[in-house]
């Protein structure tokens, strides 16, 4: 097995771990605001690791670039949407959870 | 003054042309026969971009330096939040804090908001005149210092001269 | 490689069952908003299912239209429904659940069984290994002007299908306009965060739209996918309150709406006169004709989808304004 | 490697199905919306893994389109159609 393959495996497993964490957060966290944190985790870290893992296997620089582009687009959407939803929820008085 | 503005907007157009051309190259996976559709598309997209977005000077070296910082912050923060989510007791101490923002222009502020929301553990909830409402998952962490560092890095990227903290 | 097949079957089974489950929950859900979100999720899984069925063209269409614009259209349709009926809130059923008479139930069951049986018979009586028309398409591909068989069929061999589809789109926007009128859709206030998102996304949307148009000649892509991406860019600009031109008064928008169908009809007439057959392009120029048609169709499709979105939200905007 | 890709794709699909509980449960409209946003990201990851298995570049374009249009439904939701929240949300 090549070094690149080992690296890919590690990155992909890491990505899957963060997706799992995102889902668990989505299910367990107590209010809209904390659940939005789960959203950015899967977007940002999980997909980032998976994309990097696959980019190592890519045939050309441009193909790797396309994978990175997909990641950046998801980041942009995730960041924008989580602000808009949080802001809307705040404006409509959705309650905070506090310990 | 006017001439400086003109130079700025020309160099801004040039930057956009280059960036969108790179984007086309990535999309078409380096197929050189695609350019006869790609070139007009890049020109139209640059035009729309110029129409929508004000001119903004960017320090590219600072932007490159920002990438490893962002990746590291994401990994560390993400790991912290992941362990919290999986911990049986769900050790969350969320809080809503007000953060006084010193970045002068709107575009830089919005980029700051995006970065806050992307780094796991913090989430921007509202934007007022000079403060941001930020929701954080762990109110015991050293979040104020981290936000300060992040803001400083963004002001370097957008070539904004540093202001003394007393200006707040 | 035995194990790969096993895991793939597990994936496919899981996907199939979740599609059924989702469809079930979606149809029998009293809360309309929940149904909409379930439908969006259904679209996501459906695109993955098309990928597994080795139909990337359909997957791409599902992604552009199903996951993108349908969600936005449903959201504004729901907003409009709420203005019609102010009591409609999240968690409340749209319609009272009809009470089913016992006899009606048995009649409904009988018809369902008959229909299912008929469909099952039709599917099972198909030859199990039929090449369909794909051999015929592949043998003529060289004369079509493109190298992607799907595009060859849609724009050349059966170009009149696409011509009629364009006409259907034009009709749809006409009926929406005649019923709802056209709104200015002027956004009252803007959000800087949304503006920056759209400033960054719009150029990329334009490039990807052009890319899908180009790639359609030799791979999955084409006018419908490209057009709906363009339409999405327009929808985003309208939602941010910065449409690039006035949508109501502009003659430009009407021109863009008819450009695609008009070019199709003109070319059809031309080929009918010159070649004696509808949409039969001379082989040497086929590629150029297809590109011209696809470019204009992209513009028209994009504009139509945008106009559908704008036209379908007249009263929601008015309500927004009266609330402020 | 092929095995790993398909197992991960299956794992992500199961993840998505588990998250479906949040759409069914709510309670607020915002909860459902953010869950469907998360599913979009998961679907992108699944599509990229499937693209790698079938080594079909066109599938990356499907993922690209998903990523590009990920925000539009949520923006339409925020701008047009945010139903009245139930009084006791959260």
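Think of it as A, B, C and D in the order they're written, each chain with its own count starting at 1.
In this section, a residue touches a chain if its C-beta (ideal position, glycine included) is under 8 Å from a C-beta of that chain, and two chains touch if they have at least 3 such contacts.
Predicted, not measured: the structure shown is a model, and the values here were computed from it.
Undergrad: Nearest chain to the global Cα centroid?
TA: Most central by this criterion: D.
Undergrad: So which has more C-beta pairs touching, A-C or A-D?
TA: Taking the two pairs in turn, the one with more contacts turns out to be A-D.
Undergrad: Return the distance between the CA-based centres of chain A and chain D, expressed in whole Å.
TA: The separation of the two C-alpha centroids amounts to 11 Å.
Undergrad: Compute the distance, rounded to whole Å, between the mean C-alpha positions of chain A and chain C.
TA: 27
Undergrad: So what's the Cα centroid distance for chain B and chain D, whole Å?
TA: Distance between chain centres, rounded to whole Å: 24 Å.
Undergrad: What is the distance, in whole Å, between the centres of chain C and chain D, each centre taken as the mean of its C-alpha atoms?
TA: Computed from C-alpha means, the inter-chain centre distance equals 19 Å.
Undergrad: Note the residues in chain B that touch 2 or more other chains, in rising order.
TA: In chain B, residues 23, 27-29, 113-114, 127 touch at least two other chains, as defined above.
Undergrad: Quick check: what residues of chain D touch more than one other chain, meaning two or more?
TA: 16, 33, 35, 40, 57, 64, 68, 71, 75, 85
Undergrad: Would you please write down the residue numbers of chain C that are in contact with two or more other chains?
TA: Expected reply: 193-194, 196-197, 201, 204, 208, 215.
Undergrad: If every chain is a node and each touching pair gets an edge, what shape is that graph: line, ring, star, complete or other?
TA: other
Undergrad: So which chains actually touch one another? I want all the pairs, not just one.
TA: Chain-chain contacts present: A-B, A-C, A-D, B-C, C-D.
Undergrad: Over in the complex, which chain C residues touch chain A? Could you list them?
TA: Contacts found on chain C: 191, 193-194, 196-197, 200-201, 204.
Undergrad: For chain B, which residues are in contact with chain A within the complex?
TA: Counting only chain B, the residues touching chain A are 22-23, 25-30, 71, 74-75, 78, 81-82, 85-86, 90, 92-96, 113-115, 117-121, 123-127, 133, 135, 137.
Undergrad: Looking at the complex, which residues from chain B come into contact with chain C?
TA: Going by the criterion above, the answer is residues 16, 20, 23-24, 27-28, 34, 37-38, 40-42, 44-46, 48-49, 51-53, 106-107, 109-111, 113-114, 127.
Undergrad: Inside the complex, what are the residues of chain C that reach chain D?
TA: 1, 3-4, 7-8, 10-11, 14-15, 18, 22, 25, 33-34, 37-38, 40-41, 44-45, 47-48, 51-52, 54, 56, 59-60, 63-64, 67-69, 71-72, 75-76, 78-79, 82, 89-91, 187, 194, 197, 201, 204-205, 208, 212, 215, 219-221, 225, 229, 232, 235-236, 239, 313, 316
Undergrad: Hey, which residues of chain A end up touching chain C in the complex?
TA: So the residues of chain A in touch with chain C come to 73, 76-77, 80, 83-84, 87.
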